[in-house]
Every structure is written in C-alpha cells, then in structure tokens.
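Worksheet: the structure to be examined is printed underneath.
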Amino acid sequence: MKLITAIIKPHQLDEVKEALEAFGVAGMTISEASGYGRQRGHSEVYRGAEYTVDFVPKVRLEVLVDDVDSSDVLEVILKAAQTGRIGDGKIWSVPVDEVVRVRTGERGVDAL
Amino acid sequence: MKLITAIIKPHQLDEVKEALEAFGVAGMTISEASGYGRQRGHSEVYRGAEYTVDFVPKVRLEVLVDDVDSSDVLEVILKAAQTGRIGDGKIWSVPVDEVVRVRTGERGVDAL
Amino acid sequence: MKLITAIIKPHQLDEVKEALEAFGVAGMTISEASGYGRQRGHSEVYRGAEYTVDFVPKVRLEVLVDDVDSSDVLEVILKAAQTGRIGDGKIWSVPVDEVVRVRTGERGVDAL
Amino acid sequence: MVLAMSAITFVAADTPFTDSGNTAWVLAAAALVLFMTPGLALFYGGMVRTKSVLNMMMMSFITMGTVGTVWVLWGYSETFGNDVGAGLLGNPFEHFGLSGVLDAIYGYVPADAATGTAAAGGIPGGAFVAFQVVFAIIAVALVSGAIADRAKFVTWTVFTVIWATLVYFPAAHWVFAFNGFAAETGGWIANKAEGLFLGGAGAYDFAGGTAIHINAGVAGLALAILLRKRVGWPKEPMRPHNLTLVMIGAGILWFGWFGFNAGSALSAGTLAAGVWVNTLAATCTAMLGWLITEKIRDGHATSLGAASGVVAGLVAITPACATVSPWGALVVGLAAGVGCALAVGLKFRFGFDDSLDVVGVHLVGGLIGTLLIGFLADATNSPTGTAGLSMNDGLFFGGGFGQLWSQTLGAGAVLIYSFVVTFIIGWVLHKTMGFTVPEEDEVAGIDLLEHAETAYDLGAFTGGSRHVSSGVVAERTRQVVADEPSSKEEASA
Amino acid sequence: MVLAMSAITFVAADTPFTDSGNTAWVLAAAALVLFMTPGLALFYGGMVRTKSVLNMMMMSFITMGTVGTVWVLWGYSETFGNDVGAGLLGNPFEHFGLSGVLDAIYGYVPADAATGTAAAGGIPGGAFVAFQVVFAIIAVALVSGAIADRAKFVTWTVFTVIWATLVYFPAAHWVFAFNGFAAETGGWIANKAEGLFLGGAGAYDFAGGTAIHINAGVAGLALAILLRKRVGWPKEPMRPHNLTLVMIGAGILWFGWFGFNAGSALSAGTLAAGVWVNTLAATCTAMLGWLITEKIRDGHATSLGAASGVVAGLVAITPACATVSPWGALVVGLAAGVGCALAVGLKFRFGFDDSLDVVGVHLVGGLIGTLLIGFLADATNSPTGTAGLSMNDGLFFGGGFGQLWSQTLGAGAVLIYSFVVTFIIGWVLHKTMGFTVPEEDEVAGIDLLEHAETAYDLGAFTGGSRHVSSGVVAERTRQVVADEPSSKEEASA
Amino acid sequence: MVLAMSAITFVAADTPFTDSGNTAWVLAAAALVLFMTPGLALFYGGMVRTKSVLNMMMMSFITMGTVGTVWVLWGYSETFGNDVGAGLLGNPFEHFGLSGVLDAIYGYVPADAATGTAAAGGIPGGAFVAFQVVFAIIAVALVSGAIADRAKFVTWTVFTVIWATLVYFPAAHWVFAFNGFAAETGGWIANKAEGLFLGGAGAYDFAGGTAIHINAGVAGLALAILLRKRVGWPKEPMRPHNLTLVMIGAGILWFGWFGFNAGSALSAGTLAAGVWVNTLAATCTAMLGWLITEKIRDGHATSLGAASGVVAGLVAITPACATVSPWGALVVGLAAGVGCALAVGLKFRFGFDDSLDVVGVHLVGGLIGTLLIGFLADATNSPTGTAGLSMNDGLFFGGGFGQLWSQTLGAGAVLIYSFVVTFIIGWVLHKTMGFTVPEEDEVAGIDLLEHAETAYDLGAFTGGSRHVSSGVVAERTRQVVADEPSSKEEASA
C-alpha cells in the first residue's frame, strides 16, 4: 500500500478529483495548505504600510492506493494538476504498513 | 517508530482523544480535513441555484507511537472512532525513521 | 528521499523558514494544526460557563529533502524552532519512494 | 406610553391636529424599534454555533414577516380596538385590515402652559400603528432565544402567529390600551380598575416591561421546558461562534431602544427627553454591574458580559424609565446588571436549556424593573413628574406599598397567563406538527437541514471554485437534501 | 414625494417659515437613506465570494464619494433647477455648487384645517438637498450588483459620474421635479403634461420606483449584457461567502427604507405615517411570498430568500406606498415576493450574468410596484386619501385604465431611456478604459489585484505574525503588486 | 452648537416652551451619536488582529458604561454648570445627579420672522443632557485606538473616568458652554472673552473639532508615547483582521455623524439642514482625496482608505460645518482626505505606535478643520449665514486674520492642555496600576488573557463539539486562566 500526497493549486482540484474518479479511485482526503517555493507571494497595503505574504494557498491531497496502482495514480494526478506554470506543486508517495476502514475494520486493499 | 494517521468523523474526536489518553498516549496532533468517498456530500440552495458540496468535514489525527504499541493504538482509535455508518474514515500507519522532541532534542521513544 | 514533518509553535515559523532558506531549502508546505500534549490548553468563559480548549494551535511543516540532507535539515529546524518551553513540538522523518514536480514531471532530487 | 400615567384624562380636542414634531419623533422611533429586530437577530445569531446562526436569525426575520402581516389584519384591532369586556381583549374585527385607523388622530392632549410641557400625542393613527407593530414583532422574536438550534422552522413560523394572537396582543391590550386614547375602553392593567383586584391604581409599565419582557421571558421558559434540550447540553460546551456579531447586535439594540422607551412618550418633549436620559443611565450601570459581577466571580470581564449587561439594563429600565429619577435609573440598572448576571446560571441548576438566556435576561430583568418601580417611583424627579404629570410615589419615597402591590399584580398576571397559555400552545404544536428537528439534523447543522444553507464560506483559496465543492448552478428541479434521507443521515456524522 | 399627487398646487406662503417637525423628520429620513448605501454594500458584499467582498463594498462607497460631490456641484441643479425645456432636464448651472439653495424654504403648503392634516413641506432648501442626494447615491450604487467581481474599479468610478449625469439626474427630474416646488417648472412625468402623450395625468411614483429601481435595474441589465460574464459562470457555483453580512445589510436597508418612503412625504403627518405602515405591510408579505415560493419550489425557506424578499417588497412598495391602502400594500408585497423569487432564475435562462440579481429584484420589483398602482390605487383608503389629498383610483377601484396607462408610460419611458443610454455609456467606457479586469485577476481575487487587500485574516494562530506572511511595515516606496506582473500572474494560480 | 455663534444673545422667553420639532431632532440626533460608539468599536475592532478584537471593542463599550454613569453624576454639571471662575470649569456639584435639569427648558430663542428661520432650541434640559453625554462618551472612546492590543483593561476603565473628569469635561466646558444657555456663565473659548488673550472673538467650533477630535487625538499621542509599543511593531506586519467590520463601522459612524453635526444646531431648521449638507459634501471629497492619494502613492485605492477618508472628512468638517459654504466644505474635505492620508505615515517616521492612527486622523483632521475655518469662514453662504445669524468672515473672504488667530488659539489651548494632563494621568496610572499587559499576554492574545474569550469559532466541523475543545459547562468555581500562571505562560507560545 502507498500513500500518495499531492500539493496542488486549489484551482486544479476539481480536475484532479474528476480524473481520479474516472480512473476508479473511490476516496481521497484533502486539506488546506500554504506553500512556499519558486512561486512568489503577494503584497497587500494597509494605510500605506506594506504587508508581504510569502505563502500561497495550496490544496493537500492524500490518496491511499494499492501498490500496483500507485504509479498510475501518480500519473493521473500529475496530468490533471499540471498547468505548466510555476507553483504547480509536488506529488510524492510513501510506503504504508497498514490500512483500516474504520466502519468495518477491514484491512489492506479491502479498506480502500 | 510508526506514524498512525486517522481520518475520522469530527464528532468522534472527543471519544478518540479520551480513549488514547486512557491507553496512555501522551500527545497527538490534529487538523481539519475534508473527505471524499462513499459518504455523500450535501446540497445548498442560493436564490434557487443549487450548490453541491462533495466533500465532507473530517478530522485528521496523527499519533507517533513506538513500534510495539502501534497495532494497539490503531485498535484503540478504531474502536473509539467507529459508529458503523458510512464515512467513519480510515486509519493507516507508516514507518518513521526518526523522531525528535524539539524542546529537548531527545530522539526516538524518549521524544514521544 | 525523505519527508520531514515538523509540528512547531506558530510563532517560530518565521525563524524556521528563514533558517531553512539560509540552509538552501527551496520549498516547503505548511498547514494549520492543533496539538495535544504536555502543554496545557486554556479556558474561556461565556456567561459564567467555562469552556475548556484542550488543543493548542500549531503549525505543521513539511519539507521534502534528499536523503543526504535529511539529518542536517532536521537539525536546522530543531534549532530554529526551539524555545525551550513545553510545547515546542516534534519533528519526524519518513522515507519517500518517489517525488515528482507537477509542472515539469521531473522526478527525484530534481523535483525539489 | 406617556399614557401609562393613570392620572391623565384624554381630552378630545375641539379641532384635533397632528403635531409634526411629535409625529416626527414617533415615526423615527418606530423605525428605530423596527431596527431592533434585525439587531436581535445578530445578537442571538452571534451567540449560537456556526452551524445554526442562519436559523437563529431567520427566527427573528420570519417573525417580522408574520407578525407584521397579522398586525395589519387583526393584531392592531385586537390590541387597541374597543375592549370587548373586562379589559381582556380588544375587538379584533373593529379595525380589521386597519380600516378606520389611518385617518384618525390619536392622543391629543393640550399643552400644559404652566410648565411649558409639550402636548402629548397629536399623532396620526398610522404613526401609532407603526410604533406598536414593531413592539409586537420584537416581543415575539425575543422568545426564540430560548429554543435556539433545535426548533422546526415551520412550527416556529406557525407559533409566531398563534402566540401573538393568543398571548401578546391580549397582554399588550391589558397594559398599553388606555381608555380614551385609541379607543373608548382599554385594558385592565393600564386603567384604573376599581372593580378589579388592583384596587384602584394601574401598574406603571411605561414601555413594556410586563407586556414584552416578562411575557416573552416566561414564554421562553415554557418552551425551554417543553422542548428537548440541545444535543449535548449541558455537558458539551456551546460557545458563541462570533462575538463581533453579538456586539453589533447589542449596539443596534441599544440604539433602537431609545426609540422603544423615549418613543413611548408619543411626544417629543420633557417626558421623552427624561426617559432618554434614564434609559442611558440604567444601561451604563447595568453594564458595569454585570462586568463587576463577572470580574469577582470569574476573574474576567467579558465582552459577552458587556453586551448582556447592556440588554439587561435596557430590559429593566423599560417599564421604569418614566417613573424613576436619574438616580433611580442608575439603581435599576445596577440591580439588573448584577441580578441578571447571577440569574443566567439558574438554567444549569434547574436543568432547562434556555439557550440564550431569555429567562435570565428578559424575565428576570423585566421583573427587576417592574418591581423596583414600587420602591423607586419618584413623583417629583422622574420624567413623568418633571413633565408636570401626576403619579404615585414608591415605597422609598413615602408612597407606601400601594404601587408596589399594583406592580406585583400586573407582573404576576402577565407572567402566569403567558406561561400557561404558551405552554398549551407549545404542547399542541409539538403533538401535531412537532416543534423540534431530529437530533441528527441538529447535529449536522440546522442551517443546512432546515434552510439548505451555511453561513460562511471564507476559504482562503482564491480559485473560482471552493475546494470542497463542485456544484452545478441550475434552477432546482428536485429537492436534494430532503429527497435523500441517507445523505442527510450521513451528513450528520 | 407628497408632491407626486397631481392635485396639489403649491402655494407660496405670505410669510414662509420652516416647520421644525417636518424638517426634523426630513433630516432624520435623509440620514436613514444615507445609511442605506453602506447597508447595500453589506447586502451585496455578503453575496459575493470572499475574494471580492471589498471590491463589491467599494463600488458602493466610491459612489457615495463621487455622486455626493457631483450632486453639490451640478447634480442638484440638473435635477431640481428650472426645466430647460419639455420637462427633460433641469438647468445644471442655476444652482451650481448649491448657490441660492440653502436659504430657501421649499414646499410650503398650508395646513388643511378641515382634516387636521399637517402642512406638507415648510422645509429648508438644505433639507431637500440632503434628502435627494442620498437617493441619487443609492440609485447609482444599486447598479453595481449586476457586474460583481469583474469591473475595473477606476472605470466604475468614472461610470458613476457619467451615469448619474446622463441617466439618473434626468430621470429624477422627470419624476421628482414638481412644478412650483423647488423650481417653477419641473419634469414631464411628475407634472400634468397635457401636451405630451401622458394625456393629462402624471404617473404616480411616490418614492422612486421608476426613477430609481426600474432605472437602476435596467441599467444593470445593460451592463450585465455588455460586460463579460464572471469566469466560470454559470457552470461554477458562486455562493454567498457570508450570509450574516447579507442579513445585516438587509436589516439596514429595511430600517433606512422608512426614511426613503415615509421621508418622501417631506412632512411628518398623516401621509408619512400611512406610508410608513404600507412600507412595513408590503415588506412582510413580500418576505412571506418569497419564502413560500422557495419552500414549494426548492423545499427550503432560506435566509438569503428572506433577505431578498424584504428587499423585493421594499422596491415594489416604493412607488406605491402612498397610493394604495394597507390591503393594497399586502398585495403589492406578496406579488413582489413571489414575482421576484421567480424572476431571479431568468438570468440562467437568458444567459446574462446579472451577478446579484439587480434585474430580478429591482427591475422586476420596480415594475410590479409601478404597474400595480394602476390597479390598486385607492383614493379613499390610501395614505394620500386619508391625508385629505385627491388622487385617481386604479382599475380595481373603479378608476378605469387611465392611471394604469400613465403608469405604463412612465415606467416604459424610464426603462427605454435608461437601457439605451446606459448601454452607450458602458460601451464607450469599455472601448476606451476597459470595463472589466483581466480574467486572471478576477480568479486571483479582485480585492487583491484592484485594491491590494484581502477582507479577512481570521487565522487562529495567536502569534504576532500570521503564519503565511512575513512582511515589513514600511512606507511604500514602490508598487509591489502592479510592478511585478510575474507575481500577479503567479498569484492567480 | 448653534450657540457657537458669538453674536447670539440668549433670550429668556416670557413663557418658555419646548418646540416638539426641535426636540424630536435633538432626541433622534442623540440616539444617532450614541450609535457612533458601537460603530467606533467596529471600526477599530476590524482594524486589529483577530486575537484582540474583543478587547478593542470592549474599550469602547466600557467607556459607554463609565462615562455615561459619570456624566449623570458630575460630568454634566462640571461641563454645563455655572462657571466657577475664568471660564475654566463648571460647578460639578450644582447639578450633581442631574438635579434641576430635567424640568428645565434650554436655549429658547425666538423665531426670526424676517428670515423665516426656526427658533433655535426650545428643548428640554433632558434632551440637552442626552445629546451631550454621547459626545463625552465618544470623545473618550476615540483615544483607545492609539493603544490597541496592549492596554490593561482595568486601567483603561479607570483612565476613562479620570480623563473624562480632568480633560474632557473641562475642554467641553471651554468650547461648548455658552453664557446664558444652560447656565449663566460658560467657558472661555466659546464666549467672547475680552479680558483673555483671545481678544474678543470666540473660536468657532460647531460640533467639537477642538473639544473632541484635537483633544482625543493628542491624548492618544500622549498615551502612544507613554505606553510600550506592540510586540513586533514596526517590524512585524499587523494587518486589519476583518475589513468588513471596518466598513460597517465606517458606515455607522457616517450615519451617526449627521446627528453629531446637524444635531449640534439644537434645532431643526435652516442651520441644521445646511450643516447636514456640508457634512456630506466634506465626507465625499475626503474619501476621494484619500483614495487619490493612495492611488498615486501606492498604486491602489483601498477599502481601508475609503473608510479612513470618510472618517477624516467627518472629523475635519465637524468644527467647520456651520461656518463654511458647501464649496468650503468640499475644500475642507479634500484637504482632510489628502492630509490625513499623508499623516498616517508619521508614526513610522517618529516611532510612536499610534496603532489605529488616532493622531493621523483625529488630531490632524481636527486641526485641518479647525484652522481652515480661519480661511474659509463665509458669513454669507454658510449655514450660519443662510440661517440669518451673524458671524465673522475668514481670511479668504475678506475677514482678515482675526478669526484665524482665534481658531489657532482655541486649538492650541486644547491641544497643549490635553497633552500635558493626559500624559500625567497616564504616567500616574502606569506607575500605580500598570497600563500595559505583559508582552506574553499580548502575544497570546489580549482577548484571551484579559477577557477569557476569543472572538470567532467558525470551524466547519458540524459536530456538537468543536474539535479543539472538550469543555465542561458548569458554573465557574475557580478562575482557571488566572490561577494557573503556567498555563498562561504556555498558552503564549
């Protein structure tokens, strides 16, 4: 089992979700995040005083997948999230020892 | 060392927290998340226009545990988080190379 | 490749960010989190009714690093995040199988 | 009403005319009081949890819709039409649809040349209708705070109509309908009621301590007892989700209340001005009283306490504002601030979930103000006295127990009547329509389940679409949430 | 205006004097109407997404700045100066900079001793200026709702000046400038216009159903057609980001509208009081009408629906408030509530992105109210009638088609004129300055790109610095966002 | 006050009477001004960070409680009681507890038949008390903006009482107490003060540019210098946490300010109406001036700038609203908008942490308005002139340097007195009670540590309990936060 984590642009979320659904991934978990990298932040001005925001909003997406699907899923996310502009984000995968579905207690692939 | 991550229903958090405390887990970290899966979202209506929300609010819970405790802790969370209804969430564990307590610099089990 | 995750005090974020930049880390992702541990929460009072908040606000920081840098980066974060008071947080690292830069599809160290 | 002074006889002027100054003030005051109900919606809305703020506000807004409509149809007439007997009810058909009201001129009283006091009244019937309808609206809306987060919206809507008709309009008739003002004969509390047990003296309730606050407060108590508690109460903490809303609401209430109290003079002169001053004085000390109580008991003076103290003071001075001196107002306010700050804990002791403390603030505050008149009524230095009108002194000013007794009877009558009738109305509605939403709907959020809305979408994501959504803007052809019970059930988790 | 009643002849009193009561009411009413524009800013601001709330509010605020200034310079004179011919325009130079206005006394009408009606008017020129400027401001601000989230701020600013000058001031002159009130000769819709096609009867528009709501509504339509749609519309859902703001805004609008309508009597007497009552009555049934429509069609009564119903009712009763009875007001409100609730769907059918339903609420509501006068005008029981002023009956009260025809012509004339001229103004501005921001700016957030601000920073982090920022407080020496196109482009992602 | 015109002699009428129209306006105006302080709470509250919004609002609210109470006790008397000598102070015991005030009628001035001007005044003592107390409250509350986020709440509470007593009441006496109005002899700035250095002409300050804005502004400066800076200032960015609150606050302030300025006429006639118009005119150009300055300097026109410009314009026109023409008002506004927009940067240059720019807006704006009267006073076209009252011309209208000199002296006297005395009061309080919270409390959030509250709990979690909490609803038996210093210390991290 693998856990694939992707940091993507908030805008691309719908596309990624649809691509994953189309591929057959049944579930995922997302959360709000802020990223720092090559992509620049922005400045705001309040009564003439500048306020620089270094971090840009990102979505953090997590998908548990079976080992065999892992590189395909990564590929699916990659394609759907790509805009070609700086700040498109990262995807990584880590090995998972165990997965359980809370409702049933099922383990492993059955838990997905 | 293992990192156990659980996606649970926000409602069950108190129960899970208490169960973990009872078991002897001294710390944990949580964050807001949104999940997509078998559980359906909901619809809102604004001036007759429908607005579908696909993701449902979840809590993401992370607990670092010693290898020997890991399956027990997972079991504890599983039991406390279970309601038996769709959307109860997932629990998974990943191997951890190193853990440090920031305050003291202690490593490994001492850092928990 | 490693994924280093740090739970730190929100206050120390700027310092950690600057230290990482100084060290040469080019990117990172953060998100809001709440922690439970030795550090106590606080109480609020509304019309004489007490409301106890057990969790304290934390920042969750994730940095992907090359294997060789991983212990140095951990050290950099440790030093920058440390205030010596209870609640300074934890840092841990997990092994990563694969990293991709979404924009270019680059893999591994090139993706950082 | 200025007319709460039992000594006044209403003179039908030879050539009645409208006083543009008095009318200007009453129209402005009516607008101020109208504004109080949205203010109340904010005050209440800020105190509930995020997931039920819209429902809470809607309980106030819908009351404006229903009670406003009903007022035009039969409410005005039921309240201020000629009494149908024993001072208990106005004739609801006399002015049905406001017939024969707009072209009337009410409350003409000649100016008192000796004191330079402006004439009371001389206001068009429409202005009186306007001023009174906003009282009716807020009286009903106040009740909703006792049953926050769990009332079925449609049942609440029906309740507003029935409660206004069976409880508020009668009580307002008793207290506000003076013989010879809008109609020949009025209500029994307002007027000398020789034959009745009041023994000759009307209770003083200038702007509605009994008819509005005791009434709504005890009605809230009845419903809080009748309806199930909120899920988790009192074990689970339920903190106000947005105290800035509470503060805005308190500010609006305070602002509008000057219309409520000083407008009740139905004239712009010495009486109204004195009432204005007393209203402020009591509010100030009530805020201080509440905050000092908190500071001593809890260690902190809170913003919710300040807002609550303001409202408690306003409630308590409402009946008393015309009959106590500025000193008296300071005392009334202080008593209300301290008293209500202590009283909001009662619900935990007695175990009724009066969610937003309608009992602790409105019932207790209303009682404090109404009863303190019996002690502090000051025929010389009160606005009534300085305006040259006669009134009784209270116990502390040598007036004996007479007025205190009248106050007690007036307050008690409204309290008992309202509790009993409200309980019956609530019980019937509960058995027929159901008064509460299913517990899982409450947990999932009453805003979502009852109104298909959520209050806030403040996500920082700057994209065109919220990250947790993927919707289709289309005219609704089906009823998504309601049609899919499973989704509802799941949403509750 | 009370003066909308064509039967009134303005008498120049021998010794004109100001009526302090009438003046007090007009000054208070002017303040109430002034407050409506911030209220509108909240009402509109709550309905857009988080990233554009400030821009939305700024469109209202800047309108206060520009139109207020322009009004003092030439707007008042263009509207209420002596007509320059055919009832189409006031002389903009006559009172340039308000010269010769502050020391005038307007609208002196002797009291009608028979009915006890207060004299209309007797108000200083300055009070009339004050009351009218706030109308001009909100009329222009209303338009902005149609082009939310995407208008270039500087172009909007210019638009407010041009549109006020070329569209609003003329239309207000037509409808509000009565012969002999502020000037000798006024506008063609307001006055008997024998020679013109109205055939002898002016259209009734008491407080601005045509000049303000139809006018702004159709101008919104013109701009919504002209400007590109919001990115993603109608596929992407764009829900209101903060419904508590919408509710506060609706509350303020409701409150202020009593100044709008009852203030238009320019006096505090029977007429103003009756208008007040009608204004409330219509709002109540409009809210109920909208909510019932929603409940039947969508399965839920929403808070946005309640707020929208309130505004729809207020819009519709605005022209009609003085000429229908309370019963008529209940009907007008109900019609507007149901009608507008159905009309807000039209934009999806016809594909114009009238973002906040200026068309569905203001154009449709304005038309409903203006035309229903033709049916429901009631010379006996309306505020006008009860105040002793003469007026025509509508179709349902035996008055025939005459008044309906006048109403139709008045409404149609404003509608067509406004649509055409607004379209031209918009088109020219679009070709010259550009009227919309780049799509990527809209996506990244118009608040950030146009105003260098974001509305909220509610992060729970208790540190001194927000976790996503690391800024330097310094006086600005450069223009960061604008100077660095790359950062802008990236920010949009 | 209308009475600021030195030419007026107050005539004690043979049979004094209240003018219901004037009284209606003053009562409404008093309510409007009362509303300004909650408005200020929002305006200020939106500008601070999330963790201190409640404390910021509480500083305004508690001021209402303390100053309102103190006003009733001795404040009114100290301000408007008979002068105890040299025009420096009213007798604080004369009307202690408002004795002998409610039944008085103030400011009776016969109508000027020639000009048709309404009589000024004829208002009950209570109305004057009401109108003046709300001025006192907001004057004190304004100061709090300079010391946001770090003031010990209890010390601020004590400060409000002492500062009102030692600084505001005296200054208000100087400026607002006219001989023969509420008392025989009044303050030295208001009245011709032949013997003093003003040399025969009073300074014009219609509604409080000196007594309120310069006074509060310079007091803010004194405290900002005295108290430690906020942790991190000026390095760390501290952005407004909720600009929608700022906009609501600005809207309420604008609305209420018509009561502030036009109410100061104490009558509803030509004077009040002209003041209303000038108040609007100046605000409009001030907003434009601030936004243009921003656009040129920073590249963007911001919503905070619009709100700030509105307030700056209102501040500057406050003293001048009755003595300049509408043209003059446009100029005063523009000068204030540009001037204050530039002035808010001063604190960075001079290194005092005037957190919310009380100095930049109120001191600078107040000075601009007060001094510009010396140039722009227009005896012909100002509201005062058009109302038929005599006044001096300013430098630009041929009046020479006389009035400018008076203005300078009046402004300078208040400025110096206030700065010195405020500094001393602040210093003593700082040494005795401590004026600032510990730095770690500020960092952890003053709302939490001083008030045991946090403003928002907007979590999307739909459960019955917030995920970060697990509380017990119970009556407090202990003082958790305060009793456990370790938890406090930790919470700060």
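Letters A, B, C, D, E and F name the chains as they come in the text, with residue numbers starting at 1 for each one.
The definition used in the following text is that contacts are C-beta pairs under 8 Å (C-beta built on N, C-alpha and C of every residue); 3 or more make two chains touch, one makes a residue touch a chain.
These numbers come from a predicted model, not from an experiment.
Q: Touching both chain C and chain E: give me those chains, sorted by label.
A: A, B, D, F
Q: Same or different, please, for the chain A to chain B contact, judged on whether over half of the interface numbers appear on both copies.
A: different
Q: What is the distance in Å between the mean C-alpha positions of chain D and chain F?
A: Centres of chain D and chain F (C-alpha means) sit 32 Å apart.
Q: Please report how many Å separate the Cα centroid of chain B from that of chain D, as a whole number.
A: 46
Q: What residues in chain C touch two or more of the other chains?
A: Touching at least two other chains: 9, 11, 17, 30-32, 34, 44-46, 48-52, 54-55, 83, 85-88, 94-95.
Q: Listing for chain F: what residues touch at least two other chains?
A: Expected reply: 19-22, 24-25, 28, 237, 239-240, 242, 248, 252, 297-298, 300, 302, 304, 345, 348, 443, 448, 452-453, 456, 458-460, 462-465, 467-476, 480-481, 491.
Q: Report the residues of chain E in contact with chain A in the complex, numbered from low to high.
A: 443, 448, 452-454, 466-476, 480-481, 484, 486-491, 493
Q: Which of the residues in chain E end up touching chain B in this complex?
A: Residues 237, 239-240, 294, 297-298, 300, 302, 304-305, 308, 341, 344-345, 348, 357 of chain E touch chain B in their complex.
Q: Within the complex, which stretch of chain B touches chain E?
A: It is residues 44-52 of chain B that touch chain E.
Q: For chain C, which residues are in contact with chain A within the complex?
A: Touching chain A from chain C are residues 1, 3, 17, 26-32, 64, 94-103, 105, 111.
Q: Across the complex, what residues on chain A touch chain E?
A: Touching chain E: residues 9, 11, 34, 39-46, 48-56, 83, 85-88 of chain A.
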